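For reference, chains read A, B and C in written order, and residue numbers begin at 1 within each chain.
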Amino acid sequence: MTARDLAIRYGFLVLMAGLIVVFGVTASGFLTVPSAVFILQSVAITGILALGVTCTLVVGGFDLSIGAVATSALMLSAYVMVVWEMGAVAAVALCLLMGAGVGLINGFLIVKMKVPDLLATLGMMFVLLGIQRIPTEGNSIATGMALPDGTTATGTFSPAFLALGRLRLGDVLPLSVVFLLLIAVLVWSFLELTRHGRLMYAIGSNAQAAALAGANVERYKVAAYVISGVLASVGGILLAARLGRGDVASGNNLLLDSVAAALIGFAVLGASKPNAFGTAIGALFVGILLQGLTMLNAPYYTQDFVKGAVLVVALVFTFALTGRRTRSA
Amino acid sequence: MLNRRTFGALLASAALAPGLALAQSMPAPFDNPGEVEIALVRYLSTGDFFQAYLSGVERQAEALGVNLRVLDSRQDAALQADMVDQAIALGVDGIIIQHGLTESMKEAAQRALDAGIPVVAFDVNVENENIPQIEQSDRDLARLALEQAIADNGEEWTAGYVYVPGIAPLDRRHETWTEFKERYPGINEVAQFGTLDNPIANSVANQARSVISANPNITVMFAPYDEFAKGVKIAVDEAGMSGQVSIYSADISTADIAAMREPGSAWKATAATNPAVVGEVSVRALAMLLAGEDPGDQVIVPPTLITQQQLNDENITNMEELSARVPAFAHADVAAPDWMPLPSAPSQN
Amino acid sequence: MDGSAIRVRGLSKAFGPNRVLRGIDFDLPAGAVTVLMGANGAGKSTLVKVLCGVHPTDRGEVTLGGRPFAPGSPAQALRAGVVTVHQNIDDGVVPDLDVASNLLLDQIADGSVGVASGRKLRDRARAVAEAVGLRVDLRRPMAELPLADRQLVAIARAMAHKPRLLILDEPTSSLSAAEAERLFALIDRLRAQGVALLYISHRMSDIRRIADRIVSMRDGVVSGVFEAQPLDTGGAVRAMLGRDLSEAAITIPAPGPVVLSMQGTVLRPGARPFDLIARAGEVVAVTGLVGAGKSALAAALFGLAAPVAGAMRLDGAPYAPASPIAAIARGVYMVPRDRRANTLIADFDIARNLSLPFLRRHARGPFLRRRSEAALGARMVAEMGVVCRSPRDGILTLSGGNQQKVAVGRWMAEASRLLVLDEPFQGVDIQARRDIGAKIRATARDRATLVLVAELDEAMEIADRILVMSEHTVAGEHRNENLDLSSVMRQVTDAHGAAA
């Protein structure tokens, strides 16, 4: 019993430690502070999205629209600054509002219109992919671009906005990493330490029972999608600040990577359920893998393969091993 | 045969069509261009390049006075083949196939020819000698950029290379890179990476960060696709290595111009074909076929080298200014017989 | 041969130390409907499972048509001619397939019918359907059929096996009166064909309509066989409950002030209005058949569904909760039926399951106080007598009885004005049932308590007062001493006759 319990509880962390040792030996420059900062920076955006989707997983839902929300925020922030020539504060505020609005609509579709979560957020994903391209007729947004009415956009990305993606605290720690850590701690505290988080877990496990215990199931479900939408828009803001332009992109890879991180998180510490700490570790795990493999010159398709393999192993950890444990008990 | 009815129609169109003076001097069927309809069947459509290509197609079609029908399969190969059949059923006079897969388009293109409809293909090999290929010369693109890299950095440098195999234009650019490495043994490629995960620039930036931290001695990054170059530039900036690394790429857009012109930018030069010009050439080649002329098996649109220096000297900030101040970029003198009306103001859009 | 299709002698079955069947003797004659009655835990369902091959016997013998019958699996029982239609009819049909495929499902499964489509298949299916007088469009998907037709399809499919014994386990529990009548017509035809029928039901109207004989079971033995016409249904109920009328061990306390009063309440359109009063300190059991309206009463009290008409008052103030949240705010708590579906959070441990409705009490601002929650867990585990290693144990590691103690304990952790318990003894062993019952009575002093139970003996075990519900109204009221069982049973089964 103890051997298997230990394996389930710490197996994934041991695997990650082993990975760090292997890369440390084989890839020169892997075990350095800048390298560690790179890894954190490379997972900052997907990590933040993954923490959002974790909240929807906790209430037994799913949010397929996060990738599209992120790229919509990317386009929106660029549009606000380049075309409307407004400042960083306006861009950030409008993006967060947009994210919250999308979350509200998702929640409304799921809770009130009774559309299944996967279908509602899939529909929202397509709506966003389309809507973000309408104002620019499918073009990316950059200073000097021609507008549909024939004029030229003259606004620029505000330096304060760009700093969100580029500034480094003490010349080491990028601001985006600070956001990731901050949001991870906030989401973790919310889910694990507050009664709201506890009720959300109860709803995810048995919504009917939670309702009969006096939980406002509908409100918490909507709240989960709003959190997911807002965090996805934060990810999109950081993406825009890093790219410095409004790139037309589907965000599907952002979606898939974040969902993978959240699912890998199920296996961390044998939780067998969505949890913020696991999600952060899952994102970090993928980041470490990709950083190490890239430093070793591994081509991109091996990286997809490895990512997939890690996910499958994590899911086996979650479902097969822990499942057997509860059955034998 | 000219009977009273067609004569009347001709008169009516003469009264309405603004391009009448031109139309009269054009060969059939462009003597009556309002009756001509051509179809653009697309495989790829999102992104700056494809938007610009479409605008070129639209502009040249307008200059000819013909009707244009755009069918967009959005990367669905089977749908694209269906759309060719749809265009045949609609009775269009000519078809431009823009990108696609050889396997799915080969037979569809042949069906169009069987129906007596001329076809030209851009950047997709349909393995048919009766279908002219419109190409931007990817080998020339890579050659121009690499020649500039040699001119700037000499014949010996340590290189990082961004490449994803299996994408036809990238594969062609890769061939040139291989040739250059053979010709200049002083080029030392220490890292090859690349991904098409989108947003591409963001994903490539993550990879490039890892590469330059593992190989801090890299001085030249060859990123023969502007999304790659953007990603590398982000990584170089983040690592504070803009002074040491030079980036050479292919393709250009307004955003690329801004990135190249940032103070101290590592992005030194790019070679590009104006996608709008490629669009114009596609329509012109098809028009020649319709008029019974032969544009040749391959219609190659030559690229232009654009350097950071040049952009700064001319104070160019966007694609329109680039077209206006670098004439070679604004216009390509291919598939342009004397009768062919050219778009009046190519830099308008 | 004496005409018995099935003869059971000395049948015994134990699960561990729990002796469920303790020497059963009875016969099931061909061409007759035998009704089997028994309270919860009497051993009815175990007996059925032995007969249809799910469980092997420990001792005793069963003969079918004179030959020994000891099926090793349900499939063997089926081949021998023992067919069972279970309570949950969707167990027996595939809702996504059409009627024809469902009728021939066994033949398709064993390969004797090939490709599952086309005219040939429908012809064979039609023959099966006509054998039981079933007339439906064979091409319709099963899911579109009304409940009764689905049940008839399940029976028709069973009849294709030419059964000697057909077992029907509470077949009318979810049917309307008209639908039930179609089923009875079919049963009449099968009886005429010489099939032996074993019919399990508590519905007196069903029993009067179709029973040729009644076998009562109690505590794993046959406690009475009634064959003389007219059937002595009262005797059968008494044999099933096995209770002397003087046996009630309840000390009825002096009534406290009125807590809940309902006036002119109508639970569903067309139902007769009723009044109901519950006082502090008393435990009121509400009993009645499945579908009699007990759940609708619970739903009205807990804010899940507003009654059609009538006024409710709680402690003298108007009470019309719009949601469970509103009900809880007024101190009305409910332990719902079916703990796995409605109460327990499978992912949570015991303490977290206990604290769920009152998290605010275990939190400072939004943040939970672990120590407060742990103290609650320890307290309720001790008070309810939950057998576990610690309050941190996963809820699903507990036995059914201990899970139920947690489910009930959740709502006893805080003082309430009115506590409603819907089937609190469901799926609970006898010891846990006594523990929970004692706990409910011991804590009842300061609140009104309403216990909803289908089984009359459970009501008699716990209540000071017993209300009988039928047809969504209160049909009778009894003080739980010197109870006139036959009068209670009449009210349970006949709403119209009991206009008391």
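The definition used in the following text is that a residue touches a chain if its C-beta (ideal position, glycine included) is under 8 Å from a C-beta of that chain, and two chains touch if they have at least 3 such contacts.
Chain by chain, the UniProt names read as follows: A = ABC transporter permease; B = Sugar ABC transporter substrate-binding protein; C = Sugar ABC transporter ATP-binding protein.
Please read all numbers here as calculations on a predicted model, not as lab measurements.
Averaging Cα atoms per chain gives one point for each, and the point farthest from that of chain B is the centre of C. By C-beta contact pairs, the most connected chain pair is A-B.
If you average the Cα atoms of chain A (ABC transporter permease) and of chain B, the two centres end up 35 Å apart. If you average the CA atoms of chain A (ABC transporter permease) and of chain C, the two centres end up 47 Å from each other. For the pair chain B and chain C, the distance between mean C-alpha positions equals 74 Å.
The residues of chain B lying in touch with chain A (ABC transporter permease) in their complex are 45-48, 51, 164, 191-203, 205-207, 209-211, 213-214, 216, 230, 234, 237-239, 253-255, 257-259, 317-320, 348-349. Taken in their complex, chain A (ABC transporter permease) has these residues touching chain C: 193-196, 198-199, 201-202, 204-206, 208-216, 273, 326, 329.
Listing the residues of chain A (ABC transporter permease) that touch chain B in their complex gives 27-30, 32, 34-35, 38, 41-42, 45, 71, 74, 133, 137-140, 142-146, 150, 152, 166, 174, 239, 242-245, 247-254, 290-291, 294-295, 297, 299-300, 303. Considering their complex, residues 302, 324-325, 328, 334, 336, 341-348, 352, 356-357, 359-360, 362-363, 366-368, 394, 396-397, 410 of chain C touch chain A (ABC transporter permease).
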